[in-house]
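Below, chain A partners chain B and then partners chain C, in two separate complexes.
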Partner chain A sequence: MMKITVALAAAALGVTAVAEPALAQANEQFLPALVYRTGPYAPNGIPFADGVQDYWTLLNERDGGINGVRIASEECETGYATDKGVECYERLKGKGPTGAGYFSPLSTGITFALTEKVPGDKIPLLTMGYGRSESKNGAVFPWNFIAVGSYWTAADVAIQHIAHELGGIANLKGKKISLVYHDSPYGKEPIAALEERAKLNGFTFKAIPVTHPGVEQKSQWLAIRQDRPDYVLLWGWGVMNSTSIKEAAAVGYPRDKMIGVWWSGAEPDVTPAGDQSKGYKALMLQHGAGKFQVHADLDKFVVSKGKSVAKDDYAQVLYNRGVINSMIGTEAIRTAMKKYGNKPLTGEQIRWGFENLNLSEARIKELGFEGMLQPMKFTCQDHQGADVARVQQWDGKEWKTVSGYYKADLSILDPLVKDQSAKYAVEKKITPRDCSKES
Partner chain B sequence: MIAFGQFLEVFISGLLAGVLYSLVALGFVLIFKASGVFNFAQGSMVLLAGLALVRSLDWLVAKGFPMWAAIVAGLMFAAVIMAITAFLVERYVLGPLVNQDGLILFMSTIGVTFMIEGAAQFLFGSDVYPLRLFPTDAWFLFEGSFPGGILVSKIDVWGGVIAAVLVAGLALFFQRTKIGRALRAVADDHAAAQSVGIPLDWIWFVVWLVAGLVALVAATVWGTKLGVQFSITFLALKALPVLIIGGFTSVPGAIVGGLIVGAGEKLAEAYLGPFIGGGIEYWFAYVLALIVLLMRPQGLFGERIIERI
Partner chain C sequence: MLYRETGQFKTSYAADMAIFPIRQDRIALWGLLIFAFIGIPVMDAFQVWPLRGEYLIRAILIPFLILSLAAVGLNILTGYCGQLSLGSGAFMAIGAYGAYKFGTGVRIPLEIFTIDIPPLPVFWCILLGGVMSAFVGILFGIPSLRIKGLYLAVATLAAQFFFDWVFIRVKWFTNYTSSGSVVAPDLNFFGFFANKPIEKYLVCLVFVTVFALLAKNLVRGNIGRQWMAIRDMDIAAELIGIRPLYAKLSAFAISSFIVGVAGALWAFIYLGAWEPLAFNIDRSFQILFMVIIGGLGSILGSFLGAAFILVLPILLDQVPHALGVPVSVETVSLLVFVVTGALICWLLIVEPHGFARLWSTGKEKLRLWPYPY
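Let's turn to the complex of A and B:
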């Protein structure tokens, strides 16, 4: 009874859920997890958090940790709120024998706030597929790692896919493309890249904001019904995604002309809308749902031993993304251990690991991620590592991959990265690093 | 003609959305009318009622119950959960605070909000749970007069019908029943009501139960519209301007306030939004409320309070 009372009180107050207590032992690498298992974005936050945790458990159970250094972790509930995210960061950054190894807040708002803090604390920020797009530039953002793809990558790939469906890039001319976006730093991120593309390819671009949390979109979709854009890009999160799909269905907008970003392309985004979601497309942050080689190990060492925190979300899109997030983070630590030794490392040492991380095809296969990811390589200058994405479509029961890999057009995006990061450097009085002089 | 058709479409959808806000606002009005407490927890009560309904419904359907039986049993289960909540709130929160200042009672309902939100998600889960009790497609009216017709969502119309039935039922309850009159007496003065033999604990239990049942009704409509999920709690923020406009003590005021907020915010989003960046409907409702506050602080239908100094 006491246990239930305490658990209820904890749930009611939205306080931390401790996955595996941080014991602060000398030979443990402490990895914090900023999660949201409650609140409006919990349906999307939970599977990601489960994937993150399960992969760490896999390494501990199968390999005894990273090169023998066990992982100690602790979750902190942010509720997707920036203020709580910063509070969690402050609470966890100093834990463990060497402090937090890296942070992954799964929130662009929290990422914006922590980008200001991590240089002082010397802790890397792994923001896989979200955060500041210009943070690809490691010379200006030494502590941010926007691994796998940015929102600008996503915007560019979405336009390339539309061009492919229309029969060529020239056919974009004169078309109307609208962006329905979450009115937050996250939702606003792709606008710069899409405006650039609109100028270049001659289509009309319209950005339509939806206020948090996105449950009221009727006016926006009535406007779309009148305007009849050729395509609608969806940059939503949580409840906003399924609401958009339902509203699109209500106004008769074809779902197969909607393309969501990779944060609008998971199971919780489509299942609440039922059959109305059929035909809806979304970008893939390279991977999709389903089991791959790594899941065989997860089954054997985590799930079958009753140590998985996942329930129905196992091997779903966001669960797999959490697994990949942990793999990239721990591979960065493994890389750093080659230089600093097999012991708990500091954030600064792990940053070196990120900047020298090379996930080759062979290594991806060895880790069990073949079919989920393409090779990627990070450098001092390039903190993104990859610029490719695919497109998937919901058939009413599951996601089907409907395209090959598109590579974002770096001749458009790199100048944007350079320009925006230079502005950031001036604003924050940052002297960019000279990567040619760093080893 | 297209422009007028578009205006009509936005206006009608706004009015219907407003009725759905009223469904939530009604719960606030009930408790305020009967106890003078502004119940901040009404949004979380909608979440709790919705989760209890949808989770029990899913469980019963999975066990092979016919849909109609599952719906009836699910509604009964959710009603029991709301009754337990009403009992706990009266016994452990409001009961010990009898005769305290209104602000203290209000603060206590903020605490109740966090407890209900956390407990509801802990007991029933934090996922999005689809609820399909009403049709969600749309009618297209006057297609001969306007190209593409005027779109009217069926779920919104269902919401309107349910709200009308609720208002009629609540009006009868307050005006024609002994408990209704006792509720109004308690609202005027806790101590005076107690002194003439009205059992305060029972009255508060009844009013929180009725508010819980109104929350359950709101959850059936909003749950069908959005899926039952945490975001439903944000409806409380939508109900606030509705109450300021309509008045905290008036059931018809909650409906009229809802219509004004719904139509106002949708028209503002459609016609003002493009000029000032869009995404304005959330705060626009509060602008409307502010205007009413300046001109008629008790709301359009609220009781004018005259206090002797």
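Let's turn to the complex of A and C:
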């Protein structure tokens, strides 16, 4: 027993001795990654985490970091659990010379919990295409950046696409649209926007919940068989998506009448269901799968050097999303460096960078993301930057883009954002910033 | 020798009935309390090594304290009264949502009049959350008068699933937020704003200390003896005049109250914003394991169990990285499962009665040391 104790004590001492120098790398920007490579959501968590990591590696290998400041990163496994995510956040937020640059938890639940913590710690939260939809309002949510699109954008674009397929917005009248959703804040977010649309366009909207993790959906799909909705929207994540497609096939619901959100539109969602997925549609968070200009550099500096963490998920939908996530984050840091100088920056400085980030068409092209992204610009008021999305369809082998860009109807969504964020401000006793006075 | 109480004469009834009759225990407890109440805040103020940054307080000490409290609560029911419960997650959720509702104002429009309670101060909200939980605990404790053991576990499991469902479905509890996730109100304790981690820690510590001492006191008194009599043999207990109705339901009420307070603290202080998933069946199992590993029927065991189940995986998770071993996070998190599982098995083989029994054996050994026989 004594021997074990001594060994443990020695190990503990060893831990502290090694841990100390790792903290003090002077000229490095520390970027944390909350990932989930295990658990029911791992099939979707892994490609995203790989993309995030590979783009950082690319910047380090090709440019020596961001304007010469190398990126140091560390992953922490959350397993998609909120309490574990909070622990990871606490673990990583203080690392590096200036603390964590920004967090992207890739989980709506963790985003909700961190939204309460980041104002105190002064670290921006980059939630690309997920999280609180009302956090678009930067006056109330100064630290949240729901870049590229919110669930409400997605809901609105999905309805617009259905209207397009039906031959006009007027044809929505009297139609039945059901939402099969992951029963969590993530799945519930679009309901407000869809209900608003239902009222406006006169279709019948029905929300059908699926409990976490979503492997049991028999009764939901039997209800759909009975009800025969004209379209089914799918708001699933992880193993829930492929289960939904399989169940739809089992009850004979046509897959081409199903539209998934952009979190239900990647390869791990359709491949497990095999041929049954053929015809299934999903929204695109602007980008899709496949290789673009930036992948040439990734090939050259990361993959061919054996530094990529990706395996067969390379250039898949979620991998590309991870790459874009890192690009937006690092471009925000670059923007902030213009003001604060080329050195590791604090979260507060990076927040300024996000708020003044302007990804013009020329800049997107320069970065190698042409064809993946539309121009976007954040302001003090608008923390979303863009409101457009496309639709893609699975042909059995790959995703094919089947629509042009739809722009979400802001006359419907903006009042929702305003209402919900005002409610949040009252509840948390926040005085919204006056954006006309911000520089 | 180290732990011998020889020479500690009890000269009054008060001394005979003290919570901690042995002087060494009293000294250790006072030392611990002084360390927790004064030592840690001072170390935090000067940023002494283990407390440098906020990590240890925010990510380990606060959840440890809160889950210990939940384990103390469950230990009263399962460890002392022998009623197996798988509903701790639900009772935590009731505490959390109850506190949330009282914190944001309760409004129930009825036929004749409207119940309208303005938002209450956080301190009362947390206690009222516990009270709500106690009521529901009594309700779900009623089956325990007829069924026992595993059957009762199934009945409490029903509570777990029912309340998971309630808090997801009934929008009134979440004040009709579009996402179903709710945000805790400001932590204003009579003008003391608990914003800094150390302040939150102290708030938790006060709650935990008060309730743990309360529990320790309860279990050695009349009511605790009734619980233990019921646990050991309910028919015999009934024959010597203990009313099972009163004993069992009081155990359910007090246990649920403490678990509910822990739930409110977990939601308000640790998470800040939460969804029903934070209190799902996994939470119930986690707390039950804490109680089993720590030791059924021991308040100290609840703390040891909480430390083992909560802190060990977090530490293991960081070992490879701290040692500089390049292992990917998924391997680490799988290893953590394997190692934690193996340690639990090992512990239960070596000492089926948990850490509390290990401690009492240790105490016995210390008492005889250095002349064991």
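Here is the rule we use: the second predicted complex is superposed on the first by the 415 of 439 C-alpha atoms of A that agree within 3 Å, B and C clash if a C-alpha of one lies under 4 Å from a C-alpha of the other, contacts with A are read in each partner's own complex, and residues count from 1 in each chain.
Here, a contact is a pair of C-beta atoms (placed from the backbone, for glycine too) under 8 Å apart; a residue touches a chain by one contact, two chains touch by 3 or more.
Just so it is clear, the structure is predicted and the values come from calculations on it, not from any experiment.
Taken together in the superposed arrangement on chain A, chain B and chain C clash. Once the two complexes are overlaid on the shared chain, A:R91 sits against chain C while remaining clear of chain B.
When the two structures are aligned on the shared chain, A:T38 is found in touch with chain B and with chain C.
By the touch criterion defined above, A:G120 lies against chain C but remains apart from chain B after alignment on the C-alpha atoms of chain A.
By the document's definition of touching, of the two partners only chain B reaches A:G238; chain C does not. Touch criterion met: A:P268 reaches chain B, while chain C stays clear of it. Once the two complexes are overlaid on the shared chain, A:K218 sits against chain B while remaining clear of chain C.
Once the two complexes are laid over each other on the shared chain, residue contacts for A:P209 go to chain B and to chain C alike. After overlaying the two complexes on the shared chain, residue contacts for A:G109 are found with chain C alone; chain B is out of touch. Touch criterion met: A:E189 reaches chain C, while chain B stays clear of it.
Between chain B and chain C, the overlap after aligning on chain A sits in one stretch of 39-47, 111-119, 183-191 or 219-227, namely 111-119. 11, 14, 37-38, 42, 46, 183, 209 are the residues of chain A that lie in the contact sets of both chain B and chain C, per the superposition on chain A.
By the touch rule above, chain B contacts chain A in their complex via residues 2, 6, 9-10, 13-14, 17, 114-119, 121-122, 126-130, 132, 136-138, 148, 151, 153, 225-227, 229-232, 234, 238, 265-266, 269-270, 273, 277-279, 281-282.
By the touch criterion given at the top, residues 53-55, 58-59, 63, 104, 168, 177-181, 183-186, 195, 270-275, 277-278, 280, 314, 317-319, 321-324, 328-330, 332-334 of chain C touch chain A in their complex. Residue ranges of chain A in contact with chain C, taken from their complex: 11, 14-16, 18-19, 22, 35, 37-38, 42, 46, 74-77, 79, 82-83, 86-87, 90-91, 94, 108-109, 112-113, 115-117, 120, 132-133, 183-186, 188-189, 191-192, 209, 212, 309, 420, 423-424, 427-429. Those residues of chain A that touch chain B in the shared complex are 7-8, 10-14, 37-40, 42-43, 46, 183, 207-211, 213-216, 218-220, 222-223, 225-226, 238-239, 242-243, 246, 249-251, 268, 271-272, 274, 276.
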